[in-house]
Structures are given as C-alpha cells and as structure tokens.
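Here's a structure for you.
So that you can tell them apart, the chains are marked A, B, C, D, E, F, G and H in the order they are listed, and the count of residues begins at 1 in each.
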C-alpha cells in the first residue's frame, strides 16, 4: 500500500528526479535509509520510475502520437508487439473510440514512413490515426494529487 | 548543438535517471565534470528533464488521455491555459485530426467529472475526446535513436 | 392488448416497484385480484419486469455503455452472444450509425479490460466504441405516456 | 458501506423486485426486520431502486438512445435540464467520444420529432446522435458481481 | 384510413402513373368512379402524388444528395427554408447521425457551387455533407408492401 | 438529344403526372401526337418515368435512408443486388464519404430489422448507416431547370 | 473551345514544359506560329500554366495537405483569403465531406505551427484536418485523356 | 545540396516555367551556362520538374481528390499501384487520419465511376473518400520560401 510518505517522495522526485535522498529525508523528517527503502520499494512494485525525458523537437526528431483500432486479436496482444518496437517509447491500452495509444520518435521523415509501414503490417492492427507533435507545453509532470505532506513539499 | 556524447548520456539516463555521474563518466571515458556539465546544459536548453514517472493505475488513480479540437482561439493559447491546470500533467500541440493532446490524472471519478467540466468550459475548446487508461505496456522510454556511442552504453 | 388500466398499473409500479397490490387496487378502483392478474399477464407477455436497479457508482463499480458495429454475422446473432455474458446487463439492437447498444458493469479496471477483450474477440464484432459512466442523473423511470388514468395515479 | 449481505439482497431483488422479505430472510438466514432495514438504507443512499421496467416495443412505442456532445455549458448543467423532460427516462454523464447518454420513449413518430426538436434547442447541446431501438435482448439485469453470498442466492 | 383497395390502386400507379382508371377499375373489379374517387382522396390526404421523375444524369445535370446537421434552430425550421429553394427537389427530416436529408439538381458545376453556398449560409445549418450522384439503379418504385390485392395486380 | 419542348413537357408532368396530353399540347402550341411521341421517347430513353409516389408516413410505414460503404466487390455489383430486394425502392451509386445510397420502406419495426439484417449479410457491404424518416417536406418535385418554355408552363 | 490540336500541345507540355515550340510544330505538323498562338491563348483563358514544380521533401521542407470545413461565411470567401497566404500554394473548392482543400509548404515545424495558427484564426474556418506529406509517388502529370493526336505525341 | 542560387532559379521558374535562361542569367548575375547546369542538376535530382498544369474544369473534365486508408498491404505498395493508373495524376503518401492522397481527372461521370471501381478493387485499399473539385483558386505556385535572392527575383 502507498501511504502519505510515499506520495510526498514521489511528488518531490516528479519535480526533480535526482534530488539527493538526504535532502528528501530532511524535508520529510525521516531518515535517509527510509527514503532509499521507500524509493526502492516503489520502483520494484512498478509505481515509480526515475528517467530522463528527452524533448524530441529539441533533438530535431519527428515525434508522433498514434491511436490504433484493433481487430481479430485482443488489444493486449497487439500492444505487446508494439512495445517491442524500438522506435516506440510509450504504449497504453485505452477505452473510448480507440483501443491503443502509443508514442514514437523517429530521426526523420523516412524513418517515420518506415515506422508507420511496420505498424500497419502488424497482425490485428485495423486502423491507425497519426498526430504529429508540433510543440510541447508541459511534459509529464505529476502533481502528487493533494496528499497534505506532498503539498507541504511542493510549497516549501 | 547536441553531439554523440550528449546522446549517450541521455540514452543512459533514459534507462535510469539516477545513474551516478561517476558511473556515466567511466562508461563513456570522460571526466565526471564533463558529464555534469553536459547534463546541466541539456537541462537548461530544455532537451532533458530527469523526473519520476508515477504509474497512475498502481496508485489507484484514473488517468485519461484527451484530444481537443480548438476554435476561435489559437491552439497555442488554449494549450497554455491547459498547462496551468494542476490535474493535467502533459500538454502538446499536434497536427492531424486533432489540435491538442493532453494527459490528466484524477484521484477518482468525481474528480474526473470536475476536470472534464473545467476543460470544456475553457474558451476556445470546441470538442473533447476522452480515452481512459486501462493498462500501461511501455512508459516513455527513449531509445537514443542509434548514435553509435549510445548503442554501446545500451549494450554494455 | 394493453389498456388504460394496464398503463395505470405500470405507471405506478414504475415509480415504486413494491407498491402493495391492495394500494393499487384502491387507487384504481378495481379489485386486488384484478391488479394481481394484470401484473402477472404483463410480466408473462414481456411488457413488464419488476427489478432492483443498482447504481454501479454507489457500489464503486465501473460501468460502461458500448456501441458495436457488426460485420459478417447479423447483429441479432452477435446480440445473442453478448446477452450470455454475465458482466453485460443490457443488450439492444439499434439502427443509426451503430448496430448494437449494450451496458456492462465491472468490479474494477482489470475486469473492464477483460470484458473489452472478450467482446472484441466475439465473431462478427467489427468496431467497439466505449462510453464510461461518470454520473447518473435519471435512471430508467417510465412516464406512462399520458394515459388519463396513469396521470391520475401520478398526480394523486 | 455495502457488505456481502447488502449485495445478496440486491442480487435477489435484481432478479425479482417483489420477492417477499420473508423469503429473502429465510434464504439469507437473517431476520425479516434486518432485510427490511437493509433495503430501506440502500434505497435512501441511492444504491437501490425497485421499479417496473416497461418494454417500449411491446407497448408499440418508439424508443431512442441519444448521445449528446455539449458546448459552452458544462455537461452536468445540460444533463440536469434533460432529466426534467418527461419523455426522457434515463440520463447519464459519460466520457469517451460523447458527453451525455440518454434514453427516451415516445408514443409515435410525431412525438419523437417533437422530442428531438426540444433537445436540439436546449442551450449547450452541440450535436445529437440518435439510435432507434429495434429489439431488446437483455434488459438491465444485474449480476451482483460475485459476492459469495450473492452467488449462493443466485444458485439456490 | 387506407384499405386494401387503396393499396392496390397505389401499387398499380406506382408502376405506371398514367394507367387509365378504366383499366384499374377492370383489374380491381370496381367502378371507374370508385377508382377516381379513391385516387382523389389519396392525393388530397397527402398519401399519393403522381409525378414525372426525370433522371438527372440522362439530362446531363449534376445531382447531389446532401445531409445536414442543424444547430441553434430546429431541424423543421431549416427544412422549411430548404424546401423553398427551387434547385432542391426533396427535403426530409431524419434521425440518426444527421438531421435533414435533401436532394438537389443543378445544370452544371457552377450552379452546384452556388447551391452549396446558399445552403451553407442558411441560418441553423451547421454541417453539410455532399454525395454526388454517379449512377441510378432503381428509382423510387414502391412495392405496395404485400396487400393481397396489390400482389394480384402486380402479378396479373 | 433533349430540347426545350421535351423539358417543357417534363416540367409540366413533374407537377402533375396525369395532365392530359391535349392540355399539354394546347399549352405548348404543338399537336397532341407530338406530345405523346415525345413522352414515349423520353420514357424509352430512361429520362422520364411517370409514377405514383406514396408517402410512407401517411401509410404508417417505417421508411429509412441508408448509406453503404463497399469492400472487396465494386459498388456497382453491390448496388445491383440491393436493387433486387423488394423492400428497397431506390438505389444510387454516389461519390463522397459513402458509396451507395438507398431508400427502403418497411411495414413495421420487425420488417426493418429483417431488412437491415439482409443488407448487412450481402457480400461486399462493409458499413451501413441508417437515417430514419421522420417527416417529409418536399418530395421529388423537379424544377425543369430554367428552360424558357418550361418557365412559361410553370407560370401559366 | 479546345480542339484536338490544343490537347496534343497540352499533353506534350505536361510531360516537359520547356519543349521547344519548333519541336512541337514538327511533331504536330503545324507551323511554330500556330503552336505559339495556341499556347498563348490557352494560358490567357486559364486552361494552361507552365510552371516549375518543386519537390518539398527534396528541399527539406514540411508539406501539408489540409481540408477545411467552413461556417458562417461561404467556402468561396474563405478560399479567397487562403489563396492570399504565401505559404499556401494550392487552394480548391471541393464537395464531399469537406469544403476546401489546400496545400502548404513550410520551412520547418515552427513555421507549420504558425501557418496552422493563421488558418485556424481565419473567419469562417470551422474545422481543419491536416495530412503531412511523407513521400511523393507521382506529381501532377496530366494524361491528355485520350485525344487521338495527344496519344500519337505520347507514343512518338 | 541546394543553395540560394538554386532557390532563386526555382522561384522564377515556379512563376513562369518557360522563362528563357538568358533572362534568368541576367536577373541573377550569373552565366547562362550556370543556369542551364543548375536546372539540369535540379531536374535529375528530382527537386524540380517543369510542366504544363491543365485546369480540368476549363477542359470540362471531372477532377477528384481522393483519400485512401490502407489495410493488409503497406501504403507504399498501394501507392505504387495507384501511380500506374493513367487517370491518376498525383499520388502521395501522407500521415494523419488518411494514408494516401491522390488526384484523378476523368472525361465524364461514367469514367469517374470506372476509376472509383478500379481503385476500390485494388488490393490493400480499405476505404476511399472522394472530394469533387468545384473551383480552383490557386494552383501549385511555389513561393521559394524566403531565400533573399528568391525574394529579389520575385520583387524585381
């Protein structure tokens, strides 16, 4: 189970993933060992990952968001195949008017054509809709969702 | 300009955002000061952010991906307003059949209703399409896109 | 054939399904045996069912409305298969831009993923569109459609 | 909070809304007073309603399912206005490619034209999609979702 | 009310609108006066119109079928305005994913552009979808829908 | 080739399909034989049909307009099969977002379900969209498109 | 009027816009003066333009095809405003599910964002759909459509 | 690589494809041999084609823009087959809500029906959307995209 201390740690790391554990420990009035243990447990359980997010536009890459409707196979089976493709960096099962949402990054237009060709040839893929990334305004920051401790960390 | 060393650093941090700079320096055969300087420059330029990604499903949250068609205002103006909302953690301008793509995370269904109400009342928002997150398969991992050094780090 | 007395009975029971037959008999100036006989005949003919409607949101469940486009099979054949699934509590053949409308209730997101997988694998199912229930405003109340007697019961 | 006894009662009433409380008490090995008290509490909390469902096709009525996209107003405000219309017997806020889902029943085509006219003139209504009911296969039966006691009642 | 004799007359006239009333009288074993009286009553009631249908393609015209979504006004008000336009020869209120269906015939492409401009400027018209007529396969023949007398006329 | 006299005749018959040829001859200052000959030639060439149009709503029928997207077969082949179905009274090949447009008339909802089932099972039919006829405003009147003679007949 | 000689000239120039008029004259067995006169007349009448087509992908540009739905203004008025924008190199009025089709070419993603912003702010523009050019297979070659002389030029 | 001189030449030829090379040489202050050499190199590299564009509406032709969604095959394979059809004069691979964009020109409606039939029978073609050309406002003029030299040519 995830408690308020976990949320406060996640909230702080969501702002800066490299905040030293000693700083977190001081802010949250716990020992550094506790912070380290909590982070480790959250990572193992799949609740937390600390990663570098790279802005594809700054790097001169083409980034696309794709939505896929699935047929004949289950969306889950198709999502697994998509997650294996190296140019695809995010795959999620969704409900609504689409079945799968994914993001991919390509070096240039030629690689984008190749990526779209590969996706469309995947068994179970029925329809692909493409949104081309033009500009990033906010990039996967997490707000901790109002735990009182998290708020204190955010404020102070 | 971003060179192969930058890409190798980004590629490594994309896998583990807290890799010590001394480890990176040894792997890439440069000094720790160089690594630190490069990371800092990449962060300042907006090419790199090191953050904790929190899986909303593990936390029992409702997460949605939304696509918005804009009217009367420019998509950029609407995107700026959306980026100010705390429950929204990602906002991007896109081209295709939609104008803005965003992600939001809510504690429960009631908060989701409130978020959707707020978005729909925003000036310039013409149509909102909602995809509910059901399951995550791959979460914003970046593949470095084939710089030879990056590949070496990935392999070793 | 359904006459005004039937409609008045249905109208009253649509408001409270457990109204005692003696109360109905007094309100409608007929004998209790008549009321009982009429209700029984309406139930046998399929015109009336007296049931408990359970609000899935109050119970913490996920409830979805789904619309399905059919292919290769007739919509009727697909509807019959859907009606056999226990998580689906309503199935109707419709005309417009969709072929089948249904409602399902799931304990949680994992069960919803499973339900959607099962539906999508059903032979004849071509496209599935999902609407997630956020809030109920009015729940299957029936207005009797203006029979003069029904109105009297509603007023008095 | 809703416990297993509540679920077992709901599950039984979902099959037959007029099951005598004495029968339920015997099946569930509790007193009749307990059953009565539980039903009453569930009704007051909005979790349970016992009603007559009337098949509109058997009655020669036209029944439609409508999906509405909202603009300028919040979906909630529009849903409240719709819930006040007597020909509309179900209104729900939904998320996906639509904002509001509703069901209406009309005596004939002329009344259906009038209903659609009224809905379209409602402030905030941006687009109306209509599905005409052709045939009912399963009508709002609730499966109790696997509480062990509920299952026992269902089996026995 | 329309009886079997009416249907048999309509069925015959649907095949050839100029069938002499004496021929109809003989086929249906009634007097010519009866036939004349019935046709007249059907025309006055709006159930029957005897007209020349002109194939626009044979005449070198451009014929379009249009579907319109309505906003702010009622579909009925918009349909009335459309019915007044001389180039439009058919207007119907419909339910589904569209509100109004109409057909128009134009001398050439320039007149088609003008017609579409006029329709789009009409108050209440929100979206216009155009289908261009390419080829006619069956043109408004009516099958009498199985009255036994109608069938006899059709067969003999 | 169709000349101004043909158009004047068609224009008059489009208003009343049973106008006596002697009346037409007098109005157009030609002999009755000429009128008869022209009408006959127009009918043989497929440019003109004189028929009774029966308002399905007055007759208590359900009338639908359907749009079909075709797959695997040519639209023409599917249109031919549709034209053979007795409940379908109009079939046209169209271009735009749909391939075939058709109209059908059914005695009641049960027959409509059957018609839709048959259409959906037809080889080559990929997607069916249904518009239910609610009200007729103008019914296949032809305006002659401005031949000077036609205008004279229309005015006088 | 355009005769077979005009078509043969157009057909040849559609393959190579700089074919010397003396070559054309020899191929078509007319004088050079005749060729020059015909080309000039075709250009003045708007039937022919001889231009350089530049492949945007070879030049490293972003090229988009856009479809626009119009509201409040006529499509023609909106098309005129679009034709004045320098980044837009093609504007056409179309019928179908869209009103205007256009092509634009931009130096980079930033300029594309600016172009889309400008288009969306144009009065009368209701919805913009964007297709990003990925690869060119055939680029505005004209086949002369079977005039016998044109065919001879094409063959020889 | 394409330099400013290339762009200036392309920009001038985009306005008039038959501008004599001597005129271009004088305007750009280079030798005629240089101009000729540059044009030749641009043509060989696929960056430039000098062609006659023929307005299909002036010629009385039917011109359509089509968008195609692909299935089972790659869009590239389908695009290649389409590019071989003589009535199709433009084929491009695109990303967005469609896969292929093409333009075709037909002598009349009958030939258009035939073209659409052929396209729909092509393996891999899943859905075809048709836009009929009504009026041309701007026809493939290229603006040189702001090279300073190109601007000078455009101004002078």
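Please note the rule applied: contacts are C-beta pairs under 8 Å (C-beta built on N, C-alpha and C of every residue); 3 or more make two chains touch, one makes a residue touch a chain.
The model shown is predicted, which means the values in this text are computed figures rather than measured ones.
Visitor: Can you give me the shortest step count from chain B to chain E, moving only between touching chains?
Guide: 2
Visitor: Looking at the contacts, which chains touch chain A and chain D alike?
Guide: Where chain A and chain D share a partner, that partner set is B, C.
Visitor: Over half of interface residue numbers shared between chain E and chain G means same, under half means different, so which is it?
Guide: different
Visitor: Working from the CA atoms, figure out how many degrees chain F turns to land on chain H, in steps of 5.
Guide: 90
Visitor: Select, from B-D and B-C, the pair of chains that is joined by more C-beta pairs in contact.
Guide: Answer to which pair has more contacts is B-D.
Visitor: Which integer distance in Å separates the CA centroid of chain B from that of chain H?
Guide: Their C-alpha centroids are separated by 38 Å.
Visitor: Chain A to chain H: how many Å between their CA centres?
Guide: The separation of the two C-alpha centroids amounts to 41 Å.
Visitor: Among the residues of chain A, which are close enough to touch at least two other chains?
Guide: In chain A, 76, 93, 95-97, 112-113, 116, 129-130, 132, 134-135 touch at least two other chains.
Visitor: Judged by the touch rule stated earlier, which pairs of chains are there in contact?
Guide: A-B, A-C, A-D, A-G, A-H, B-C, B-D, B-G, B-H, C-D, C-E, C-F, D-E, D-F, E-F, E-G, E-H, F-G, F-H, G-H
Visitor: Taking the touch rule as given, give the residues of chain H at its contact with chain A in the complex, in rising order.
Guide: 69-71, 74-76, 93, 95-97, 99
Visitor: Using the touch definition from the top, list the residues of chain C that touch chain B in their complex.
Guide: Residues of chain C touching chain B: 57, 109, 112-113, 116, 130, 132, 134-135.
Visitor: Per the contact definition, I'd like the list of chain D residues that touch chain C in the complex.
Guide: For this pair, the touching residues of chain D are 2, 10, 13-18, 45-55, 58-59, 61, 65, 67, 76, 79-80, 82-83, 86-98, 101-103, 105-107, 129-143, 145-146.
Visitor: Of all residues in chain A, which touch chain D in the complex?
Guide: 95-97
Visitor: For the complex, which residues does chain C have touching chain A?
Guide: Residues 64, 112-113, 116-117, 120-121, 126-130, 132 of chain C touch chain A in their complex.
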